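Letters are used for the chains, namely A, B, C, D, E and F, taken in the order the chains are written, and counting of residues starts over at 1 for each.
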Amino acid sequence: MSRYGAQYGPDLTFLGIDRCDLAEPETFADADVVIVGAPFDGGTSHRPGTRFGPMAIRQACYLPHDGSRPHLALRTDALQDLRVVDAGDVEMYSGDVERSIHDLEAAVFTVAQAGAVPLILGGDHTIALPDATGVARHHGMGRVSMLHFDAHADTGDIEFGSLYGHGQPMRRLIESGALRGDRFLQLGLRGYWPGPETLAWMAQQRMRSFEMTEIGKRGLDDCLDEAFGIATDECEGVFLSVDVDVCDPGHAPGTGTPEPGGLSARQLLDAVRRICLELPVVGIDIVEVSPPYDHAEITAFLANRVALEALSAMAARRNGISHDPAGPLLEGR
Amino acid sequence: MSRYGAQYGPDLTFLGIDRCDLAEPETFADADVVIVGAPFDGGTSHRPGTRFGPMAIRQACYLPHDGSRPHLALRTDALQDLRVVDAGDVEMYSGDVERSIHDLEAAVFTVAQAGAVPLILGGDHTIALPDATGVARHHGMGRVSMLHFDAHADTGDIEFGSLYGHGQPMRRLIESGALRGDRFLQLGLRGYWPGPETLAWMAQQRMRSFEMTEIGKRGLDDCLDEAFGIATDECEGVFLSVDVDVCDPGHAPGTGTPEPGGLSARQLLDAVRRICLELPVVGIDIVEVSPPYDHAEITAFLANRVALEALSAMAARRNGISHDPAGPLLEGR
Amino acid sequence: MSRYGAQYGPDLTFLGIDRCDLAEPETFADADVVIVGAPFDGGTSHRPGTRFGPMAIRQACYLPHDGSRPHLALRTDALQDLRVVDAGDVEMYSGDVERSIHDLEAAVFTVAQAGAVPLILGGDHTIALPDATGVARHHGMGRVSMLHFDAHADTGDIEFGSLYGHGQPMRRLIESGALRGDRFLQLGLRGYWPGPETLAWMAQQRMRSFEMTEIGKRGLDDCLDEAFGIATDECEGVFLSVDVDVCDPGHAPGTGTPEPGGLSARQLLDAVRRICLELPVVGIDIVEVSPPYDHAEITAFLANRVALEALSAMAARRNGISHDPAGPLLEGR
Amino acid sequence: MSRYGAQYGPDLTFLGIDRCDLAEPETFADADVVIVGAPFDGGTSHRPGTRFGPMAIRQACYLPHDGSRPHLALRTDALQDLRVVDAGDVEMYSGDVERSIHDLEAAVFTVAQAGAVPLILGGDHTIALPDATGVARHHGMGRVSMLHFDAHADTGDIEFGSLYGHGQPMRRLIESGALRGDRFLQLGLRGYWPGPETLAWMAQQRMRSFEMTEIGKRGLDDCLDEAFGIATDECEGVFLSVDVDVCDPGHAPGTGTPEPGGLSARQLLDAVRRICLELPVVGIDIVEVSPPYDHAEITAFLANRVALEALSAMAARRNGISHDPAGPLLEGR
Amino acid sequence: MSRYGAQYGPDLTFLGIDRCDLAEPETFADADVVIVGAPFDGGTSHRPGTRFGPMAIRQACYLPHDGSRPHLALRTDALQDLRVVDAGDVEMYSGDVERSIHDLEAAVFTVAQAGAVPLILGGDHTIALPDATGVARHHGMGRVSMLHFDAHADTGDIEFGSLYGHGQPMRRLIESGALRGDRFLQLGLRGYWPGPETLAWMAQQRMRSFEMTEIGKRGLDDCLDEAFGIATDECEGVFLSVDVDVCDPGHAPGTGTPEPGGLSARQLLDAVRRICLELPVVGIDIVEVSPPYDHAEITAFLANRVALEALSAMAARRNGISHDPAGPLLEGR
Amino acid sequence: MSRYGAQYGPDLTFLGIDRCDLAEPETFADADVVIVGAPFDGGTSHRPGTRFGPMAIRQACYLPHDGSRPHLALRTDALQDLRVVDAGDVEMYSGDVERSIHDLEAAVFTVAQAGAVPLILGGDHTIALPDATGVARHHGMGRVSMLHFDAHADTGDIEFGSLYGHGQPMRRLIESGALRGDRFLQLGLRGYWPGPETLAWMAQQRMRSFEMTEIGKRGLDDCLDEAFGIATDECEGVFLSVDVDVCDPGHAPGTGTPEPGGLSARQLLDAVRRICLELPVVGIDIVEVSPPYDHAEITAFLANRVALEALSAMAARRNGISHDPAGPLLEGR
């Protein structure tokens, strides 16, 4: 007994994959990846709506919900070539951030401990704290690097009187020792937050943050090369945290704190592919999809594809599939 | 020092009326009505967004924001004929329902104690608990009747593991003794919630709930007559709680839990007018306006007009203006 | 040479009826009704967009654009039983209200002089001034009554430094003597505008304004009976001016200054039918449809049906079709 | 094996009720009602989108998808008190109306033959042909009356060169003898379609069509009384076909051919309740919900509530629950 | 007699150009290009709405509908410098894919046979089958190359039980011999469809498909160079088929099966220009614009500009206008 | 006394900065930049709505409205490091373009004369005429260069019978001698307007216009280098006029005349930064934001960020902050 299902709607799974139940270990004993929904928006500093993110990301596809998605470029069907199961949502009452964080961390830890990669569908970015903590508790505190795509550093201290919210998880993760500041890689930052004091704290932690100007001048691949070097130094695994607002609002309007001037959807997908092909990813979250602000589901589609891109690249890595990005799609030409 | 202003945007006031600061008693010492924003949506069981309700309701008008609104039918300018001031928002972190409730109750009590009528702009219906409690603490526990417009009874017990949320405030108010169950009048209920157990509890409390079928068959005015009789029996004041979802979703789409088959906007405005003209209203809240789900601001406009209708009728009552609803607008014809 | 066509798009006609050209009298010599587009929104005090009203109203129908619309209840096909032609738009530069008014008045007068009923598709309500003036210049200054459906009295004096705008046409019409104040019937007023000074001026003119409360208490038909008595006293013709904001925003969201608590679409259609069946209508305008604020074209559909209802009732009146509103649709049952 | 599931998305059921499989008779042997999705919009004459109707109607609820919906006024939980199961969608390729109709009719007949009431979620109104035919084949050709809520008569002959489409099912049903013309009751007609020739054909069939003007003058309940008398004369069962466009576009914007001036949502719900309480309903379809044109899901919510209202009233009828529409909700007051 | 006009609205032409009638050969005898509307969405596997594509594309422009569009960069006014006429829509009943395909193919063949280039405005991509077949029947089966911009290969076999739909036209074209597989160039593919079996079939046909990764790595111009080489080898003409979903959903949200990570609008326009400047284009279709899912018409604008870009480049090619893409717009600087 | 405040809503300031009053010189005597709202859309040739631009741009931010915005990349807080004040709106009646232009020019001149840089928030592009004229009157007629980002040249002559509108300001500015044609730099042009005659006039004036094709081929930075050389030749100051439609509609949908194929938001922000860092900017306007056509405020957010980018770069230039665009965000890595 006990699968909670979906907090806000029918109990469906990511693109029709199998269910598992975190209360029944045998249902995910052999899983490579376990998808966990985190329908929480109590931590947002502005527009809410991310509580509907998990539901939207699971459904946003025009193809049959049949648990199969062959990736054109990578020539692998991650949902078949890996064992990917969906644990449903963790109940996260948006009115109680502390209880919600606690329960999600327990769920993520359960997944990690079972040897699977947790792929958490947010929810606002508050959840990065329990997500990465749950993973680090298994792989070793300070032994996991962070690759963090975002318009915002999310290293705030106290906001609205609380230590927990979508602008603060990265600070909490470093303070607790779950992650090392000097293995914290941020990509896509821009805009007008945080202020000098917080930036000074970040520098002190020896974080490496790539603002959009740097990415624009050097090229994303060059920045990724540098980031990969740092991430794999003395760390066993990588946590990938993707805030959809790293993309330009034109490509991802359905989010709470849109900041103009971001990556294109294409850039994000390419980066996620490289990370999951080249690095040992041990946890992923995809956050800040806010359906009420979306149009024609384009942001939900993007997040769905970020998840599939990550899974496909992990499958290719696992199965030793080689991939020449400049090569032709079809053999013989 | 200290006015908090608006939690989610520029610090503007309801239609341009004067500011006050709850931390400075002299700024509202002579007020008849104090408007308080309660930008909270952490208690919603489904769609969020009501955190932007106060901002939307304050702004939703095509006329100049000049602190003057002469009511055509009642021939009074409530914003001039009463002293109405706007205290801005109470900071309500949606991720912490308990702290938020506590702080709002303190604000409402401060207003009531100063002899003014608090008019709280929500926010989700969670806030009815602190709103009515704050008023009852001043006027006497159990001495205030409730007139509650809503599609839902809001008498749930525990939801998502919490005692506090937008489906439970009415139960908490009766349990705490703030309000009497047999002076609790509900209008507009319909749909599929709550279940028999809760309805039995409500009957036990001797609540009087008018479901839409009854209103449809008897007429709204007849139901109001009955309700007014109960409300004024052994009670000194009336609290008016208007959940916009009492209206049909066609008239109020911008809300979290829309239930087809409700009142028309015209019916709601007429009812609010009668209540504030005929009864001693000591507190008001207007809740569940969720701007992300609104279209062309029509729900925000409605809530703004509910506030003005209440204020105008209170002004007419205060100033002894007589009003013949069937009479002509202009003299001489 | 010279038909201007449509100011903002392809040159199409109302539901596919024939074109005429106001510069070529023979093209509308035998017309019963001439449709004129007035794509102007320079006079709006708040949301613009009505410049796209004529285009939207002409097109808003799911049936073939074939110049035929048999009315179910009235059993007449107005577009066939009357000669109705479409003159296209008058060029109205929204940045120049005075020139725009001047040119529209000339066009309307041309139509009236030719013995046809002008049906003007707005545009904001500024156009009622040239519309009714153009008609009155032909039928006699002060010889035409006004039946005015609106949430607002539109009797303002100077706004934004101008005598001309969508809140002032009715005052200008009475001041100029085009229409008599005591043959001015307003239905559907509500809300918070205008203030006492203007209401006093209106009373002085002996206008008869039915606020929504009166309509609600007495019933719309009773109010119409009274209005019809006044309208036909010493007047030869009736001008019908329909501002869609007379309807509740739930039924007509696509408008500039929505005021909650209005008529239902059904009520408006019934009233328009009675007017055009029972009174000698000599001019009509339908105004304040603002497509950018519409949803799924429901406001444009409503305005289209107001036009068809008026035309159908005029055709029935002309052709002596009797109509029992309580009778069955089909013979024999 | 073989449940098809949902044609356009995840395989979920109406509000979480149990699945059945039409290919496995034992899965619905004891069912009172079987829900069938008909995701078809190939027959629409204008806006498509109804293919997503079944998915939208199944999901449109803010309450848990737990297969329980206690009706406040009727005091029955239809999803528990009846055995209601969901067969998923029939595959209906919108590009092939003839095959689609054929397959749906087979599915409906299967349900009827098993002794259950089919409740079909459309889809455009084309499906009324297979829906009512499938039912009549079991209960007897010409032995089932039709109660048809719609803005349109749907009695067209050939459109776009086809005998089958959403404007023609009622003609086909009478022509085939599935239903009797003189037991065909239509409510809510209005607008400008069909023309005189078709109306003459309808009169010839002795159909009884209540146009909105008649409903407005006589009252809906009076019209229903008359309709009930006809429907129960020499007929064993009633088919209820609800086109959401019977409601005003303000209450049901998400539809393909909106016609202003319709019923309110409240009126429709009350009528559906009376029908299912007072008459022996043997089949139901709810059609023309077009999610791409909806706003904030209000049309989908309405259709969901029409389904629940019908089920609840059927449950009350089955279980002999008495219902005084003018009585209080709670006992003891 | 006989021009059908528009299937779903007023009979307007592409940006105001002249009408022609396919039943009257003299009306397009001298045409360089004939525009044909294909308002069909019966073949879509998910979101419909493309039936409104032709109407939307014809109208989507803020400039006067005057049949003139001087191209800034190319310095030609295609609508004047070529003879471009609009044949209106072919009636395509979405409920009957086979008849629709048949009738469209006849229309396209009629145009091609008259020596004009057909430019077909879709409609879903089902229409590529009749479009390219109609052209190939005139220019020679297997003598026309295909340049196909799309997120999807559209080489599926049977879907929803049908050989015809928007995911299958390219397979049917190769199978029938209308086009050669080894002269089939696809650009912009990405995502998770089709699967390995279909990709193997495509490789067998020796199709050349450029997935987005390859385009990203090599650059679009480099890929076009390669494609041009293949396309002009042993083929007399080129058919250009543009599915707007080749662009990123951020640039083209109004489509049925959006796939994140596509071309920018700028890239698509540049590619279309090069193709029509450098290659002998004999037919074009622009498909999958779905207005119900569009926002502020941006997808319709894009499709309109794709059409104009193609026409302008064809005019420049025809008239020998030279174009230096890196040169200044104005002479003398 | 006399601050006008906001024409269409509450009197709020750009992100919470201080107010000033143009009628009281001491309120902006020490200002570096004065923000002026120009809520005008009477000059638009198609979609209106820009009257709500100033209000939308001032508010479009998810951060506290506290008058502080530290720029991540430039490490300056422009709203603190410069003295930036907000004068509110100039009243601009959209129905009277001539009076509106006159009053705005007076306001801008007042600001320039006080030694501050006017930053005008439009409004449609009509306002560039008074904006640049007001600045040139202070700095010297013909002594200010123009850097003009736009899809359109805006050099039309007479439109809708008027010399003034959003397609003509640049011609008027050159004709009047306010600006020199040969110091007029345009970036981002594309599409189908204006025609050859106007282009010839532009060439005659020796304007330098960079069409998108040139920018695409050469790169934006290369074009800017060339433009900067021209702009600083014999001119003392630069006026920067940013029409948001220079960006692709995917990045800026909320505008009146969207033209596909534009800059990305990132490109625009980078260009604005370079201009304000490297050139002596003496005036700025940001125009053509039309909120009714926006989605999720993404266009308003973009315009807000263009303003902040300009201010931040001006602050950095003023304070000698060096900026290496390819360098890391945080020190020490």
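Here, contacts are C-beta pairs under 8 Å (C-beta built on N, C-alpha and C of every residue); 3 or more make two chains touch, one makes a residue touch a chain.
Labels paired with UniProt names: A, B, C, D, E, F = Agmatinase.
Keep in mind it's a predicted model, so treat the numbers as computed, not measured.
Participant: Shared touching chains for subunit A (Agmatinase) and subunit E (Agmatinase)?
Facilitator: Neighbours common to subunit A (Agmatinase) and subunit E (Agmatinase) are D, F.
Participant: Looking only at C-beta pairs in contact, point me to the busier pair out of A-B and B-C.
Facilitator: The greater number of contacts lies at B-C.
Participant: So which chain is the furthest away from subunit A (Agmatinase), centre to centre on CA atoms?
Facilitator: If we average the C-alpha coordinates per chain, C ends up farthest from subunit A (Agmatinase).
Participant: Between subunit B (Agmatinase) and subunit D (Agmatinase), two copies of one chain sequence, what rotation angle (nearest 5 degrees) aligns their Cα atoms?
Facilitator: That pair's rotation angle lands at 120 degrees.
Participant: Between subunit E (Agmatinase) and subunit F (Agmatinase), what is the gap in Å from one C-alpha centre to the other?
Facilitator: 38
Participant: Roughly how many whole angstrom separate the Cα centroids of subunit A (Agmatinase) and subunit D (Agmatinase)?
Facilitator: The separation of the two C-alpha centroids amounts to 43 Å.
Participant: Just how far, in Å, is the C-alpha centre of subunit E (Agmatinase) from the one of subunit B (Agmatinase)?
Facilitator: The answer is 56 Å.
Participant: Taking each residue of subunit B (Agmatinase) in turn, which ones touch at least two of the other chains?
Facilitator: In subunit B (Agmatinase), residues 46-47, 248, 250-251, 264, 293, 295 touch at least two other chains, as defined above.
Participant: For this structure, give each pair of chains that are touching.
Facilitator: The complete list of chain pairs in contact reads A-B, A-D, A-E, A-F, B-C, B-D, B-F, C-D, C-E, C-F, D-E, E-F.
Participant: Hey, which residues of subunit F (Agmatinase) end up touching subunit A (Agmatinase) in the complex?
Facilitator: Residue list for subunit F (Agmatinase) touching subunit A (Agmatinase): 62-63, 68-73, 75, 77, 248, 250-252, 264-266, 269-270, 295-298, 301-302, 305, 308, 325-333.
Participant: So in the complex, which bits of subunit B (Agmatinase) are touching subunit F (Agmatinase)?
Facilitator: Touch list, subunit B (Agmatinase) to subunit F (Agmatinase): 6, 9-13, 16, 58-59, 65.
Participant: Where on subunit E (Agmatinase) is subunit A (Agmatinase) touching in the complex?
Facilitator: That would be residues 45-47, 189-196, 199, 202-203, 206-214, 216-218, 248-251, 253-254, 256-262, 264, 293-295 of subunit E (Agmatinase).
Participant: Tell me, which parts of subunit B (Agmatinase) touch subunit A (Agmatinase) in their complex?
Facilitator: 7-8, 41-44, 46-49, 51-52, 91, 93-99, 126, 160-162, 164-165, 292-293
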